[in-house]
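Shared between the two complexes below is chain A, which has chain B as its partner in the first and chain C in the second.
For the complex of A and B:
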């Protein structure tokens, strides 16, 4: 479990708070979506988790241990991240090299490195592309390789920072399918950052951020019902939820359910 | 200005082991004043098609007729420049191409490069910045101090200030949040309607293609496999399925309801239009 307690951060002292007393618990194995616009604070939260920003106020606990200067580097190894731009995260000449890179850096013995690389590529359905050049893959394939590189490090927590926003709809579906698979295995906590409400349906828990604060939190169903928070944070409801609100009782339902009830 | 492709073929890395046929013998016309959508999978030839439309790429075989200028395999710079003058291109993430010291200078760069004098270029720049709701107080600031959304608008103003007759949009909403997405698409719609310029939209977003365009061209593996009215092509489930294209949300719903016996006389274009048709149907079919 990761707990944030009253987490506050300003980029320059005295200026407005990028994070303003954020308290949130993330349970091991859960898929948690953090939704909000640019400037809502979601990226600041990620940067703090990854140790890129350090001078915050408040407390972060990982499995009960308070994150501090002594243990930060060690605890950070439990986190892995996939970024937004699929073209900015490759180091290897082949897909396989790329996934092995982090393991090699951490001094993992060769035999285990090969085994973990294969397993990670298998997990994202990219094993048959192991000899391909990363730059020649589609956007969705690139992001799946980036996920494999992260998974190979066997993190407890996988953070996806708008990892689907720059790829085509097909690639987006591929990535979401892979995440669902990882989620079902239950070992890895997923922190999924997005501004697209159609992408959160699989998550266990969702949080809407606005101007550095959490303005709504709950199950996906509860988030879809929280009209005030959605309007305040200028988020657009998925097509079928919009219609359910406009034509039926506004209850949360899947697309198939909508068709059945109309 | 109409743009016509005549038996146009585009080959990458010709005569090397990497030779790749990006566009295969395409003959088609983009008529003046219409709003076109180009759809197809990644790798279908969409990018090659738009780069050929504005002279960034020359055909390997065949011709591009832009008004009365003809581009061929070995056309001269002067002709290519003429085409670029009339055909403006908004690239993906256009804000990455900002580079001048101030917003105003950045927008003036294009028109000046096209041979406009300083004063006219500044007039145009101010006019289009104003049209895109960029406040005059920001004109002398660095474009890099603006928000992402404002930066994109400044980049678009730079293209519009060249007053192209044809405007090409390459995934113009990629990476935008939902609200900016709608705002950007509405902006292009207004430009299209008010200024009468031809717009060519390349996107994966079938909802946008359905809502905004008049005509669609479907590309698959370098072939132009179908072209016609948006309302005909994007409502044809069999056709879309054949090229693995997603139907627009509204079309999918209307077809799913048809299978339940709920039928409308026309195809609604947006959620509100759908809701009204549905309520009307309910009223007429109330027991």
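For the complex of A and C:
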């Protein structure tokens, strides 16, 4: 369980707050989506959690332990993150080298490293590409390798910071399928950051952020019904939501349900 | 022309030379660089040429392919040859052209030096053709490890090399994109005088530099969150396996050197 309590952060002191008293709890094993337009503070939140940004106000608790300078490096090992740009997080010269990079850094013995690398690549269906160079992979494949690199570290929490925004629709679907598989295994908490409302359907809990504040929070159904908040956050409504709102008086229904009704 | 260039290229294969430990290859090449200078008459140079031809055969490369790929180097070799032809004096005068003379010593030294240079270029080319850049980086890191005692950051240099190699194709793609984008905005790169062509490169390089810095920063963050803290406490995924055949290569190389030394005149 991760708890944020009244988290506030400004990039330059005195300027407007990128995060403004954020309080949020994330339960172990949940798939939590954080949705927001550019500049809503959603990436700032995970950067603080990962310890990339410091000097924040407020409290972060991981499993009840307050995050501070001393335990940050240790607690960070429980988190793994996949960033937006598939190229700029690929460190290794080949797929397997990249997955092994994090394990090498943590001093994992070689036999275990080989085993975990294989298992992680298997989980994202990239094992047959193990000796490929990144230049020969598509954007979606590179992001899958990035997920494998994260999974190899056996994290409690996997964070995806707009990991699908730079890849084609096909790659996006592959990534979402893999996330669903990970979610079903139930061990890993997923924090999924996006500005695309169509990508949150499978999550347990969704949070809408705008200008550093949480303006709405709840299950996906609740979020989809709160169309005013979505529109106020300048988010694009998924097509089936727009359609059901216009045709069927705004009652929320899933895509399949809508198709059946029509 | 450029596509045929072989300098620094790697051609995947499974020959015995491909499968040698990259460390053995590097050490053997360094030994060869010394051995080349042992030869000082026809038998010695004949043996060197024979040695390189055998190596080419063992690496599954065709001599014609090697020759075509090294045509640019040929200009350099010819230049060396002619320098010696005209400038080295001694022996009998073969041609007396008035303001210049060609003497027999000049011809012989010219040929010797040219063979020497050609052999050095060939053996290094055979090495890079049969060893992936990644393996070479690994091998250099292992070989240079003792230098850490005098505070040479061997691991960091090797990591920098491997990241640079990894980003070459990425930056090539990016350059191509920028060229297209600038062309679409009316830039021309292929017309005008040399100075105007060089100036036309500015709108390519500036965006390229900016994006490289952004990439570097993101990469640094990605490495940090994956726990990179320098070499301490790090394990290695890639291992180099030194086998019996690698030791044999070095022994054969030394024997070859001894033979050349013995037949010296």
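Everything below uses one rule, namely that the second predicted complex is superposed on the first by the 261 of 262 C-alpha atoms of A that agree within 3 Å, B and C clash if a C-alpha of one lies under 4 Å from a C-alpha of the other, contacts with A are read in each partner's own complex, and residues count from 1 in each chain.
The criterion applied here is as follows: a residue touches a chain if its C-beta (ideal position, glycine included) is under 8 Å from a C-beta of that chain, and two chains touch if they have at least 3 such contacts.
What you see is a predicted model, and the numbers here were worked out from it, not measured in a lab.
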item	value
First (chain B), second (chain C), both or neither touched by A:97	second
Comparing the two partners chain B and chain C, which touches a greater set of residues in chain A	C
Contacts of A:1 with chain B and chain C, given as first, second, both or neither	neither
Touching partner for A:66 - first (chain B), second (chain C), both, neither	neither
Partner chain in contact with A:248 - chain B first, chain C second, else both or neither	neither
First, second, both or neither for A:110, with chain B first and chain C second	second
Those residues of chain A which chain B touches in one complex and chain C touches in the other	none
Contact footprint of chain A on chain B as seen in their complex	41-43, 147-148, 174-175, 177-179, 182, 204-205, 244, 246, 249-250, 253, 256-257, 260, 262, 271-272, 274-275, 278-279
Contact set on chain A toward chain B in their complex	37-39, 84, 138-139, 165-166, 168-171, 195-197, 234-236, 239-240, 242-243, 246-247, 258-259, 262
Touching residues on chain C, where the partner in the complex is chain A	134, 162-163, 165-166, 169-170, 173, 214-215, 218-219, 221-229, 233-239
Complex contacts: residues of chain A adjacent to chain C	50-52, 76-77, 79-81, 83, 85, 87-94, 96-97, 100-110, 113-114, 117, 133-135, 149, 153
